[in-house]
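One chain, chain A, links the two complexes that follow: it is found with chain B in the first and with chain C in the second.
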Partner chain A sequence: MTASKLLRHETILAVLTVIALAVLASLSDKFFTPENLLNQGRLMAEVGLVALAMTFVIVTGGIDLSVGSILGLTAILLGVFWKNLGLPLPAAIVLALACGTFAGWINGFIITRFGVPPLIATLATLALYRGLAEGISEARSVRGYPEWFFFFGQGEVLGVPFQLWLLGLATVIAAVILGLTPFGRATYAIGANETAARFSGIRVDATKLWIYTAAGFCSALAAVIFVSRVTTTRSDMGTGLELDVITGVVLGGTSIFGGRGTIIGTVLGLILIQALKNGLALSGVKGDGTIVVIGLVLIGAILAGALFDKNRGG
Partner chain B sequence: MKKLTLAALVGLGLMSGSALAASAWTGGDDQPTNPLSCDATPAAATAKPYDGGVPTNPPDRKGKEITVVDVPKLIGIGYFNATSKGIADAAAELGNVKAKTDGPTKANIDEQITFIDNYITSGVDGILFAANDPVAIAPVLKKALEKGINVVGYDANSTPDARQWFVNQAEFNGIAKALVDSMAAEVGGEGGVAIVTSTFTTPNQARWIAEMAAYAEKCHPKLKWLETVEAQEDNNLSFNQATTLINKHGDELKGIFGMTSVATPASAEAVTQANKCGSVAVVGLATPNAMKPYVEKGCVKSVVLWNPVDLGYAAMQVLRAVADGSLQPGATSVKAGKLGDLQVINGSEILLGAPYVFNKDNIGQFDF
Partner chain C sequence: MTAIAASPGRSNLQRFLSGYGQEIVVFLSIIALFVVVGAINPRFLSDTNINSIFAGNAYIAIAAIGMSMIIIAGHIDVSVGALIGVIATIAGTLAVSGYPIWVAWLVPILFSIAVNAGVGALVAYTRIPSIVVTLGMLSILKGGLISLTAGEWITDMPPEFMIAQMRPFGIPAAVYFMVALTILAALFMRYTDFGRSIYAVGGNMEAARAAGINPERTVVGVFALHGLFAGVAGILFATQLQVIQSTVPPNLELTVITASVIGGVSILGGTGTVIGSTLAAILFACIGSALIFLNVSAYWLRAVLGLMILATVLADMARRRRAK
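What follows is the complex of A and B.
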């Protein structure tokens, strides 16, 4: 994969994003203010964190539909550990993160050990984890967290929302791992041709296990931030998150067949979607109209990418 | 590897087994209940100091045109179409209000928060809302108050300090009494009843169920609660859940409570399709139009509601009064256009009136 081919979709996407930002800024003078932009950054942090891990997952040719349910389960477990079991909140947070990561590990385990296609396996765990969340919580929400906990979701460091710093750090780490390490190379190899990767000595199962575990961890982290932002836990949190995440990742140029994708593309995809959702709402377009536009943009971006990638052999 | 798999399975089993048994009726919240008396004695009014939120430095909006956005739980169902109409009617009557209804297409709190957030940024003067979750919606509403935006809720409350006033369609215990009395009358005072609600954490449904449990325990102790299921204001899901209840409990099920305007007609349809009209009673909250076919066939005897068009109308009138400064904390009543004077109860709630029972005799008169 040469640099020019790699950048093709991402360049189009970058241009599209800039155009979209310019158009939206002209439609509403409240859109391009630092306050609004930082606020949107805050709102997209949860989807962003999960999308970083999902990029790895989709690059290997797999998919993880259970991320929303893992988010809901972690959120509920956080409440249960803190309120019902009486653990101190930091311990509850760590334990909830561990459980979410474990849930991701189980996904990876089912996929690698039993050879179940990722779509089926994560579809099953989507239902399993959501059911666990509802059963454990009995759909009672947990409230009354201490003030310091709200810093993660609502606080700021140097004027920038905390979760945006977290997202930035995670983006850098993810980009370095995917682009510059052997682990990243192995990820691309698995997605391009899994059998060949296995025969060239790459530890395919271990890599996949790490990736799905990471997806679980990122969902759990997003859950902690989300609970901190809305100050309550509910068992239906994160419903539909997987669709937003996958849209962002695919828009960013990651091929659903695997073997192709970058972190920078995912980031651009997420920015474009968030900007559209926010900018259109600010310029008076109602909710349903925004969904239509995002659908059209997704189709347009994929088609544009496919058109310019004529040289690639599927 | 086998041991690890076994350990993982046991762990998962333990996690799911930690769901403890619930007390009273599932789906109720855990706030104190106040059941009314079993006969028709009205409840004593409680006076409470104002406990609503206060906007920070609101601009002087007296007499000026204001832009208002209404963000209900979800858009696209008959009930919120009716409240939206009421809001539009009031806006037209007042003449100096530009009102718009916008909201998520699913009753999802995350999306509702994002909608409100966007409208705060776009600089509206007033926000009307019906919350999907009372606590989760509080931070974004407080943000609105901090920006000097007037915030009034209707139908489903938030925590009191996140909004200035809440227009309550009817007292929670009044609705509970009307529902349970109707059910008891139809099933003969005893039998198994099940509930189809939206979600267990939706504020108004949870409050009603808690009050219903308390009232039933007090006045109709022979009614046996079987199960509460969630149907999220979704038509198909409500129908499926009701059908499951009928199949699961068989002859033990004598009545189904529909707690949302979507669940009640769906439950009536499920009962009709299971050929159980007359043996399974359906009592619930619903718009008259949705229930007319079932009431006329005799499958459903009574439908409890208030007038949602009036609810939206009152909410808009209250918001205008708040923006103009004519409704201040500590007031005991507010003038709401054609509805006359509405009473202030519980500190910062405004009561629309008593619940209304629609039945075969009067349902034809209504069209919403």
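What follows is the complex of A and C.
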């Protein structure tokens, strides 16, 4: 749990990422071009935003399986508020964001108020939120958004995709909160030993409630960017997102048992996954073959970490 | 099976009720559903519909038996849906390639047991949490399946291969499997040393070790058993329709886990029964069918399921709190 140990995992991961980038660059000359890298960053933003919040969740020893469903529900509500209720689009966006955030708050409320294990609580809301998205939309998609709306998902600022700026800003904020504030220290303390944290006067329930609410907000934000990027709204958006997000966070060295993990690790984990997906695709591996590699990398990285820990401990 | 710890002095009935509370609730819900929906729309009770409810969902119930054992042991498997897709594809491929039928049935089951024993060994001996290992396994199985088959459908399987469609004495074979495996598994969990050791390991691993149980071997064993049930489920899934789609059935792992949890298996490990999970799988199937007969849009099915899980879990937590 010491700083040196935390840095160890991230150093390994950073080296691994650099090697992966080098190998992928040598396999395809299309990989290491600014256009490709920026485009990959664009694709990474949605998973990335959610992964930042998920890092907090997992550091407390919890998990949130409902993020993909919150994304889907927010996307559907955005479409419904705008198209069916006739609200102006900016109002629809704000209202949809509020609903997604509220969905996250409900997760936190169920977990803290009733003591339901996060895995089960969010398994239930995974089904519930996706079910609401399906029921409300009845599988109808919403299209025809005005041109200005596509800026969030397709626009650029100073040559860099808009959502990459957003992800960068969010990363800094998340890293500062987790690494430098009392809130961050409370997050680690809860994950290390919740009972001890409670007895040392940390407001455990309030902290957790904030974190699950933030996960809802990040998922909702990702939903707006997703809709803007693909220009349409469908109820199956974000299906399976939770697996991508958790893979990135765990690969980044955050312990699934809680108490350990960093934002930098998560970002490195995300970059490694995105680079593998894109690089392998460019070098001719068929789309789904890359999923196999990600699974192997996930198990391999955790296995290496576990063996490493054992050697240090014993 | 919390009945084991029931205090002396209570009547047998009380002990029975406290041990099987969740199972009884689920069972009564199924009966109530049949009565109410049957009264509103009698076609719900037709032979065809009841057959399709039971036969079409037996594989989910069977997979949920294995999942219940995994959860009772304090673990989880999120890759079971992908595994069932892979098993079905292997079985179908073998069947249309002219191998003997028993090979097409047996090889995928052995494959499933081997994969899960491997997962169990990783979980038991490296202490990597099962959710992480099975998350990785989900990627590997799903990606492997799609990239090897390119999503091509398998058709024209020999009729003698289609075990789920056979109807000895007029009842679908899948139903026999579901009933027999549920009873066998329930007896196994209750009356064998290994079955009891699964509860012990899920309840408290170190206490189990102190009591002379080898927790690592138990975990590998329970994953291998789960592989067996997933294998049988996969074969039934493969043979219930005339076509195998060579894809991962969407959200299947979720349905299976949900059946276990609603059936009374505590996600905290150590308690629950396989009878409950089978009943819960049947209940889901009934609700799905009932919504159609009540003219409720099928789009709301998942929202209803989500609310049900939530209600069950909250009730479970309330009961625990009272028990304390």
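The definition used in the following text is that the second predicted complex is superposed on the first by the 308 of 314 C-alpha atoms of A that agree within 3 Å, B and C clash if a C-alpha of one lies under 4 Å from a C-alpha of the other, contacts with A are read in each partner's own complex, and residues count from 1 in each chain.
The rule is short, and it goes like this: contacts are C-beta pairs under 8 Å (C-beta built on N, C-alpha and C of every residue); 3 or more make two chains touch, one makes a residue touch a chain.
Computed from a prediction, not measured in an experiment: that's the story for all the values here.
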*asked:* Going by the contact rule set out at the top, does A:115 touch chain B (first), chain C (second), both, or neither?
replied: second
*For A:90, decide between first (touching chain B), second (touching chain C), both and neither.*
neither
_Output check: A:132 vs chain B and chain C. Expected answer is one of first, second, both, neither. What do you get?_
both
*With the two structures laid over each other on chain A, which partner does A:230 touch: chain B (first), chain C (second), both, or neither?*
first
_So in the superposed three-chain picture, is A:30 touching just chain B, just chain C, both, or none of them (first/second/both/neither)?_
first
_A:182 in the overlay: touching chain B, chain C, both, or neither? Say first, second, both or neither._
neither
*In the superposed arrangement, does A:243 touch chain B (first), chain C (second), both or neither?*
second
*Thinking of the overlay built on chain A, is A:154 touched by chain B (first), by chain C (second), by both, or by neither?*
first
*For chain A, which residues lie in the overlap of the chain B contacts and the chain C contacts?*
131-132, 135, 138-139, 239, 286-288, 291
*In the complex formed with chain B, which residues of chain A make contact?*
28, 30, 35-36, 39, 43, 80, 106, 109, 113, 131-132, 135-136, 138-141, 143, 154, 226, 229-232, 234-237, 239-240, 277-278, 281-282, 284, 286-288, 291
_Show me the residue ranges of chain C that touch chain A in the complex, using the header's touch definition._
76, 78, 122, 126-129, 131-133, 135-140, 142-147, 150, 250, 254, 257-258, 261, 267-268, 297, 299-307, 309-310, 313-314, 317-318, 321
*asked:* So in the complex, the part of chain A that touches chain C is made up of which residues?
replied: 63, 110, 114-117, 119-121, 123-132, 134-135, 137-139, 239, 243, 246-247, 250, 256-257, 286-296, 298-299, 302-303, 306-307
*Residues on chain B engaged by chain A in the complex (per definition of touch)*: 1, 8, 12, 15-16, 18-20, 22, 26-27, 30, 75, 102-106, 108-111, 113-115, 117-119, 121-123, 133, 135-136, 138-139, 199-201, 230
